[in-house]
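The two complexes that follow have subunit A in common; it is paired with subunit B in the first and with subunit C in the second.
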Partner chain A sequence: MAEFITTYGFLIVSMVFAAMLALSLYLPLMTGQLSLASPGFYALGGYIAAVMSTKVFPPTPQGEIFPLVYLLIEMLVAAVASALLAVLIGIPALRLRGIYLALATIAFVEVVRVLSLNLEITGKAIGIFGIPQPFLNKFEYMWIAAPMLILSTWFVYRLERSRVGRAFAALREDELAATAMGVNPTYNKVLSFTMGAVLAGVVGAVSAHFLNTWNARQGTFDAAILYLAFVIIGGSRTYLGPVLGGLLLTALPEVLRALAGVEFLPAFVAQFLVDGRLIIYGLLIALATIFFPQGLITPTMLKRLARRGT
Partner chain B sequence: MFKAYRPTRFILFLFILVAALSTQFVFAQDQEPIKIGVAVAQTSNVALLGQEQVIGAQIAEAYFNEKGGVNGRPIQLVLQDTAGDEAGAINAFTTIIADNVVGIVGPTLSQQAFSADPLAEQAQVPVLAPSNTARGIPEIGEYIGRVSAPVAVVAPNAVRAALELDPNIKDVAVFYAQNDAFASSETTTFQETVTALGLNLATVQTFQTTDTDFSAQVTNALALNPQLAIVSGLAADGGNLVRQLREFGFTGLIVGGNGLNTANIFPVCQALCDGIIIAQAYSYAADTPINNEFRTIYKEQQGKEPPQFSAQAFAGVQVFVEALIRLDNIVPLETLDLATTRKLLNVFVLAGGYETPLGPISFTPTGEIVQAQYYVAQIKMNEDGQTGVFTFIR
Partner chain C sequence: MQFTLFFQQLVNGLAIGSVYAIFALGYTLIFSILGIINFAHGAVFTLGAYFTYTLIGAKFGFNGLLAQSQLPFGLPFPLAVLGGAALAGLVGVIIERLAFRPLRARGADPLLTLVSSLGVAVALVNFIQYLVGAEAYSYPSSAFGGLPPSVNFGTPESPLIVRTVQIIIFVVSMLILVVLTYLINSTRTGKALRAVAEDATTSSLLGINTDRLIWITFFLSGFVGGIAGTLVGLSVTITGPYFGIAFGLKGLAVIVLGGLGSIPGAVLGGLVIGVAESLVPASAIGYKEAVAFAILFVILLVRPQGLLGRTLIQKV
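Now for the complex of A and B:
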């Protein structure tokens, strides 16, 4: 078991982070807004943590670990910064709908990337490296990652059943009808957008430590598409969909890599699993969208399971 | 009504996942081949470089096994794909370390090294970087070294070579791709070299690797009438910039950065590529016994001259093999457990000198390469304007 954790600790924590990033994209989607801004806030949170831990806080003495309190402060700063920026961007951007909002948020992600490539404080193209470690090994990040995932999932689960959540759903189903019934569209859209941004920013702050380094290659447009895939494959109509999508799609390439190590496999199959794992990965995603057009988890499926349970 | 929902299927799925993953640990503790890890980018947009590294490492594996491996015990490469990102590098490193390798050659990019090398340092596994050229790589830890000379050492040679070709150079125009990590660190070196050589840094123009139109930058620079242009970018944009410089009437010498150090720029600037001067950490023309052998094998397999990336990967594997042989001569490897082997191997890697295809190399105590010789090549395009060669002028 210890060996399993040494080898897959990093992967397991990455899966948890991916699940939360998928949730951060799912939150604006609850109001029917396709926003791809999450990677921008993720990058922002990462830079905040990277700069604070390497330049603001006193250097960690050799052989000691980075105090956890500092990490929590960084997460808090990242959350506040992401929230402020999200409100600032959200109010004008959310006047756009559908594909135009998606485009505007892609532009935001690009702005963050180009800024971080050019600013002295973000280390330009090389980025910031030598970020101190608050834990002894990668798996111990679960002490932060697991509570974060449980809290955020529980939060979204409760949200879906609250007054605000029903307002979100109403906006998603029919904005005009919802507005006529007294739901404030701007307020609710900006709220969902901001919640997604805060989650992405906080995950970014922890990720900077987790990856040891932070640069402009983190949280790019490619990442936005990946998060969208998490949501679409997992299911975009219930909170469990994005979580499962993030966990599954992050694990899949590495599981395929590990499968090659199975002893009784013929050599060419093992070789194909190593070299062709991305082909299989792509194929599985394509098949999933064909056979599960609503995503792996749908509200109907949850209802059916619930009925069987009673 | 959701209270009754029991996620049995997910739990079952998780069990299958865990079972699938744990089968990895059923490896036999065989006495036989010594495993050396190679973690480079075999997929993503960095794969072109990574593939060259895989070829170089595999040639080294076959070559040294034919020579008897480590005092009779063969070596075996364990290849893992890092892809082009940081998380991929960490995943590849953890997989490879769990596979009981004695050392790792990799990763491809410097940013990946900043991410994955601390893991190897923590696990006390020696790492030799085959192509990380950024500042600060060997300083990541005592187990981290590199066989790729840092850009600050290699690049100035091209400017010196240009001065030899045209001693009248006074004003220099520098261009660089500001969104590329390598180009933006390389240009700092170029600019420092220009100033150090007493030349006038007339202008610094920036562009993006995705740009195709450079007329603004070229017009700005040519207004100052420079005699030398220095371009740091990647193949497509760098090649286009060179072409537009020439089309706008620039007649001086052009020095290219390492991103232009590939035959892939020939189709971009075609006949106008002629004369670009590029500094090299490796020359296929170097007349040493080991390089001649390496060059012959590479040409037989690939039908072209070996590039720098393959030679550096070869050198990485070679350093591990030769250090293992010296270690085995003093303490037989069978008597050592894996952790001790790794620790001692690191000491032996740093202590030795090696006759590699790159020429004679050794290491500083921190793991930085000490390379005896650098080269400068100039592009000579053929009559057809489509093909060309790098001819070594220094």
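Now for the complex of A and C:
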């Protein structure tokens, strides 16, 4: 068990983060808005944590760990900053629909990336190094990652059953009809966009500590696409879809690597599983969209399970 | 800014802008027919550059499955460019078969097509890395035969030097634009293509074979994408399998600026972004990469249909 944790501790925490990032993209999608802005807010949150912990807070004495209170303050600041920026961007951008909104948010992510490559405070191309560790090893980040995932999942689960959540669903199904019924489209869209941004920003703040360094390679277009794949493959119609998609797809490349260790496999197959695992990964994403167009988890499936349970 | 410097930057901008234009045409062709964005286009662009590199008979590096191998023959550069582009076009057709057609047959959400084309892009990029490694490749300097590396358009006292590569890029891109415009505006297939873009269902009722046109579109798209890849590889280097990603994103900015689905729009958008980037002063050169996206963001907020696009009508 101890060996398993040292080997896979990093992966397990990454999986949990991925699940939350997928949720952050799922939130705007609840109102039918395809926003790919999450990596931008993720990067912002990370930079806030990185700058605060290395430059603002007093340096942690040798041999001691970074106080958890500071981390919580950073998360709070990241959340507030993400929320403000999201409202600022969201109000004009959310007039756009479908692919146009997706492109505008990609532009946002790219502008954040180029800014962080050029600004003094974000460490330019090198980034910020030596972010202090609030935990003794990577797996202990579960103390913060697991409650965050449980809370955010529970939040989205409750949200789907609340007045606001039903307004979101109405907008997603038919904006015109929803508006006619008195649902304010702008307010609800900006709300869902901001909720997603806050989640991504907070995850970024913790990730900066988790990864120890933070640079412009965090939060790129590729990441946006990856989160989208989590949501689409997990299932974009229920809160459990993105969580499952994030967990599974993050583990997949490592699972392929582990599969290569299985005995009786011809050497060239094993070699391909290691070297070509990202090829397989890409193909699996393409195949999953073709064979599971609804995603792995669908609302109908959940309903059927619930009925069997009672 | 001095006039000569300004002029040189302008020429650079027009050259790179014309590549943006032909690359973005690949997106536009597919968007106008299917109403979706093919995210694998950046990967096809990369493949085009690698195919050309292979066809001129150049040797691969030390990594990957094909390390140190090369073709037993080498084609002259212009033929290799065309061959590479044709192969990239074929890849485009294969992508259509694997990632687009099954979803289209089912009438799936366009979002799904986006994700599946991305999956294909990830697979392709990593396949390239698997075969030839992640190192940069550059075309041999003998690629243009006996042409000098640069041409001086000014006098010896006030030089106005333009790299030959830039001229070649500009001329080739313009040539492709002219040929494509001719194909689309003046041939029977082009007419059918425009009809399908207007209304796929009606045109198939009128006896147009939609599936055939779609694969032709993907071939054309891959072809121009492949040529764009080679041209950029010629101008800088092939910087590795991820070569096309940044370019793919800029292509998106170009088509939105020009107007989604508009062919003259893609050309105009490409030139505008190319020139705008080249006019970024040297002191702020780090921000050059953001120019296209800043323009994209602003245009989306101010005029979402793009410069030459049609106004979007929301149907109830």
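Please note the rule applied: the second predicted complex is superposed on the first by the 306 of 310 C-alpha atoms of A that agree within 3 Å, B and C clash if a C-alpha of one lies under 4 Å from a C-alpha of the other, contacts with A are read in each partner's own complex, and residues count from 1 in each chain.
Here, a residue touches a chain if its C-beta (ideal position, glycine included) is under 8 Å from a C-beta of that chain, and two chains touch if they have at least 3 such contacts.
Bear in mind that the values here come from a model prediction, so they are computed numbers and not experimental data.
Trainee: Report clash or fit for the pair subunit B and subunit C bound to subunit A in the combined superposed model.
Mentor: Aligned on subunit A, subunit C clashes with subunit B.
Trainee: With both complexes overlaid on chain A, does A:Ala306 touch subunit B (first), subunit C (second), both or neither?
Mentor: first
Trainee: Pick one for A:Phe4: touches subunit B only (first), subunit C only (second), both, or neither.
Mentor: A:Phe4 contacts subunit B only, not subunit C.
Trainee: Let me test your reading of the model: by the given contact rule, A:Ala251 touches which partner, first (subunit B), second (subunit C), both or neither?
Mentor: A:Ala251 sits against subunit B, while subunit C stays out of touch.
Trainee: Per the contact definition in the header, classify A:Leu278: touching subunit B only (first), subunit C only (second), both, or neither.
Mentor: Touch partners of A:Leu278: subunit B and subunit C.
Trainee: Mind working out whether A:Trp154 is in touch with subunit B, subunit C, both or neither, as first, second, both or neither?
Mentor: So A:Trp154 meets neither subunit B nor subunit C here.
Trainee: A:Gln218 in the overlay: touching subunit B, subunit C, both, or neither? Say first, second, both or neither.
Mentor: In the superposition, A:Gln218 contacts subunit B only.
Trainee: Between subunit B and subunit C, whom does A:Trp143 touch in the aligned arrangement: first, second, both, or neither?
Mentor: neither
Trainee: Of the two partner chains, subunit B (first) and subunit C (second), which one does A:Leu117 touch, if any: first, second, both, or neither?
Mentor: Both partners, subunit B and subunit C.
Trainee: Under the contact definition given at the top, report the residues of subunit A touching subunit B in one complex and subunit C in the other.
Mentor: On subunit A, the residues that contact subunit B in one structure and subunit C in the other are 114, 117-118, 275, 278.
Trainee: Along subunit C, where are the residues that touch subunit A in the complex?
Mentor: Spelled out, the residues of subunit C in touch with subunit A are 37, 39, 98-99, 102-103, 106, 108-127, 129-130, 245, 249, 252-253, 256, 260, 286-287, 289-290, 293-294, 296-297, 300-301, 304, 316.
Trainee: Enumerate the contact residues on subunit A facing subunit C in the complex.
Mentor: Touch residues, subunit A against subunit C: 34, 92-93, 95-96, 98-100, 103-104, 106-108, 110-111, 114-115, 117-118, 176, 221-222, 225, 228-229, 232-233, 236, 275-276, 278-290, 293.
Trainee: Which of the residues in subunit B end up touching subunit A in this complex?
Mentor: Spelled out, the residues of subunit B in touch with subunit A are 1-2, 4-6, 10, 17-18, 20-27, 42-43, 79-81, 85-87, 90-91, 94-95, 98, 110-111, 114-116, 118-119, 122, 134, 136, 140, 178-185.
Trainee: Would you tell me which residues of subunit A are touching subunit B in their complex?
Mentor: These residues of subunit A touch subunit B: 3-4, 6-11, 14, 114, 117-118, 124-127, 129-130, 133, 137-138, 211-213, 215-218, 244, 251, 254-255, 257-259, 261-263, 274-275, 277-278, 302-303, 305-307, 309-310.
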